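To keep things simple, chains are lettered A, B and C as they appear, and every chain counts its residues starting from 1.
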Amino acid sequence: MLRVTRRFVHALVLLLGVSAISFALLSAAPGNVFDELRLNPQISPEAVAALKAQFGVDLPWPTRYAHWLASVLRGEFGYSVSYRCRVGTLLWPRARNTLLLTALATILAWMIAVPWGIVEALHRGRWLDRLGGGITAILLAIPELVLVLLLLWLAARTRWFPTGGMFSLGSAELTISRKAWDLAQHLILPVLALALGTAPFLIRYVRSAISAVLDAPFLQSARGFGIGTARIVYRHALPAAANSLISLLGFSIGALLSTSLLIEVVLSWPGLGPLMLEAMLARDTCVVMAVVMLSAVFLVLGNLIADLLLYWSDPRIRAV
Amino acid sequence: MNALLIVDDLHVRFSGSHGGTVHALNGVHLHVRAGEVLGILGESGSGKSTLAKSLLRILPKNAEISRGAMTFEGRNLLQLSEREMNELRGARLAMIPQDPGLSLNPVMKVGDQITEVLRAHCNSDAHRRRVHAEDILQRLLPGNAGRSMYEAYPHQLSGGQQQRVVIAQALACEPTLIVADEPTAALDAATEAEILEVFRELKAERRRSFILITHDPTILRELTDRVAVMYAGRVVEQGPTQQILTHPRHPYVKGLLACLLPQDDLRIPGRKLRTIAGAPPDPRGTASGCNFFPRCSERIERCESAHPGTQGAREDSQVECFLYE
Amino acid sequence: MPNRLRTVILISFLALLHLALLFAGFFAPYDFAQQHRDLPFAPPTRLHLVDAAGTWHAWPFVHSLRANVDGSDGYTEDVAQAYPLRLFVRGNAFQIVGPWTAHVHLFGVASPGQIFLFGTDDFGRDELSRMLFGGRISLFAGILGATAALSVGAFLGVLSGFYSGWTDAVIMRTSELFLALPWLYLLFAVRAILPLRVKTTDAFLLFIVVVGLVAWARPARLVRGIVLSARERHFALAARAMGASNFHVLRYHILPEIYVLLLTTAALLIPQFVLAEVTLSFLGLGVGEPIPTWGNLLIPMQKYSVLRSYWWLCLPAFALVLLFLAYHWASTTLQAALGEVRS
């Protein structure tokens, strides 16, 4: 239990540190949202000056950071000048969409990687392993950007699934179940791109983790008691390899979040990615800051969950 | 010969990672009768564990059984399919591996590791398996410790307890032959005595045969009926325990026992050897003469060029040396 | 395939790729901005050996293109005119390094013939030339970013591994802060700090250096690990060898390991920063028209019509994959070498 608490406190301190650095750097950036507003002829210079005073942009950054922290605690994350609303209200639906995407992609990627990695490990050195290794090597070399463009082409060509967005036009009037079906169709492309982009990396890792365990003396001994290969793999080898696989889970969440940013932008999925890009172009620091922080929270939470899973799965760690 | 297990001219080699080939077994002959305990003595690297793993065909991937035959209960093990082998492993023929600490799955309850063996061979339900596993543990442990141990993980057990769990795994399906690879090597003296007591009881039952691999002549004297001594991948001498321990014939065995036994136990006239000069041959090379030739103090001329065959092959008492032709 | 042969193939392929990109001006028949307004979306020019009369020629030649007479999209070859392929032809001036310029191109055809081996884009610009010039910027970005990340990372990593204690603690805790952001979010966050509009390529490359400086954490941790383990083994070795001087041990045991590690890490980081350039330029946050990079050359691939009718505009994506394959291969080869150095 002590370990869990410690990890939790550590995560909190880490997030505070990240926010302080990001805040300091972003406030030092040249140009801000008011410069962009000033370019807009519909807004008078006096209005801009009033806004500036209201948001206290001319205060020193520690003061502003303290204000920002207070507004984070209220769940507001500051005020977005370009969207004219609290950042919090902007953030939650976007965060939910990104989470939906990454969670589904994580599941799919692991569902591909674990069986594939196991088969490769069982056939180590033989042709099936070489073939699989070759395919993963090529997939590994295809950047996600190219991958998603290829999938986009496939989708446009076959018209099997929609090529962007989250819902079809006019879907607001649909019944719940039809709406869900519509959403599912829109999910195919981004989830596939994300999962295919991450899976080859996972496959390699799963293969080496399972290989290492298959060579362990306790599995040799289990084989010596006449336990069949299938049983050895899922009842003996997988739990023993869980340790390193779970550490990878935390890592893969980071990679997926990162890729998701790009894929969301290309496929106009209304997640954090496009929000970040728009906010960046509008120099809306508060929104950029909030998205950056949220991505850090996701990553840290992913690692925390992986750590808790480790605690749950490995009796040796539990004993400490 | 009505033996339970006959190993004939067994050769095993490992292909090394850097191209070299290790000849771990170079023509092993031995046999085990029903109800008998055969001891195998040999220094580190002589191929004892390789022999044990070959019997169960659980050698690592880089190993190859290149020649020979192993007949167990009348069937040649080398001709069985992997499935037939799996029906045998753990059920008729089981192994107690060298290091119990490494041989137990660290993330599985030890009780489950015993029921896994039962599950592979008998089709009783989960509850019956559990009761059975607890019974075996109970038998091997003093007091009421067996039942509580079922839920433990390997790292929570002492070395002696771990060893008992591995023994329980091996006993679970009542195999006819158990190969125990240095069952007491990793234990302190007191625990070693306890484990030896377990083996003594098992031997007294005379319900199964054992191959007992060890470095320790005192274990041999107490527990075994016959002894085979290995050197550089071959059995250089085998015979009834009493005879081997008191009247060894092969020069290597004499030297080895002189190192291992107190002087007065050994009746070898005129010898006061404590260590054997030199080192075992490099297992990657192949010598033309006797493997022991470079270190042998009784060598004769022909030892260098010719290999001594097994003298008295298929007899209960064999020695592999030109001096006894 | 024997290991040595594989290594030779790998090295020559990488060398060829880098030379082609470095001397893009020489290998490219045209300037990246030169437009052929009458030939937009021209397909790759075909090299012929047989002329209209059915006679074989020893040397390849090309025909010029004419828009279809029936007014449909596309071009037909004007078989009446043949222009033989020429090597080392004089053409537009291009910059080699700094103030040095040259006129000689690897290949070309006499005007008014045109040669577009990879076709042309919507302005009739030669795709091959744009790919070569674009690759130069992308690769430069990759190397610059990796160098920045690696030098800061190696410095802090060695520092951290050598002075364990509070120096180590501070550096490692700080590195955690930088690792707490998913990579692309970190990239965008850094990009958000820099001016939005990029004036020149040089300015953009400077951005990439800044991005590289922020990515120091992972290399630093790797180097620290190596230094720690090497130091441990160094003590063991020194104790065993007694006679060997410290310098000898450092020179022959620790340094080779660090070199190979730095090379391995570079092979991993260069593609990562090429990708950073590609991502930023693709999204319009990097180098823009008319200067090509592998990032903005991918932009047309978002249009369905391009993917359906003008497949040659997808070739930059293949070039990218090829570069990545080569670097991945190099990194696995180096990793194996690292394993050998250690044992």
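Basically, a contact is a pair of C-beta atoms (placed from the backbone, for glycine too) under 8 Å apart; a residue touches a chain by one contact, two chains touch by 3 or more.
What you see is a predicted model; the values in this text were computed from it and never measured.
The minimal number of chain-to-chain contact steps leading from chain B to chain C is 2. Of the two chain pairs shown, A-B and A-C, the one joined by more C-beta contacts is A-C. Chain geometry summary: the mean Cα position of chain B and that of chain C are 60 Å apart.
Averaging Cα coordinates per chain places chain A and chain B 54 Å apart.
In this assembly, the C-alpha centroid of chain A lies 27 Å from the C-alpha centroid of chain C.
In the complex of the two chains, the chain B residues touching chain A come out as 53, 56, 58, 60-61, 85-91, 94-95, 97, 99, 102-108, 113, 116-117, 120-121, 153, 155-156, 166, 169-170. Chain A contributes residues 14-15, 17-18, 21-22, 25-26, 28-31, 137-138, 140-143, 145-146, 149-150, 152-153, 156-157, 254-255, 257-259, 261-262, 265-266, 276-277, 280-281, 283, 285, 288, 291-292, 295-296, 298-300 to its touches with chain C in the complex. Taken together, the chain A residues at the contact with chain B in this complex read 124-125, 215-228, 231, 235-236, 239-240, 242-243, 313-316, 319. The touching residues of chain C, when paired with chain A in their complex, are 176-177, 180-185, 188-189, 191-196, 275, 278-279, 282-283, 285, 298, 301-302, 304, 307-308, 317, 320-321, 324-325, 328-329.
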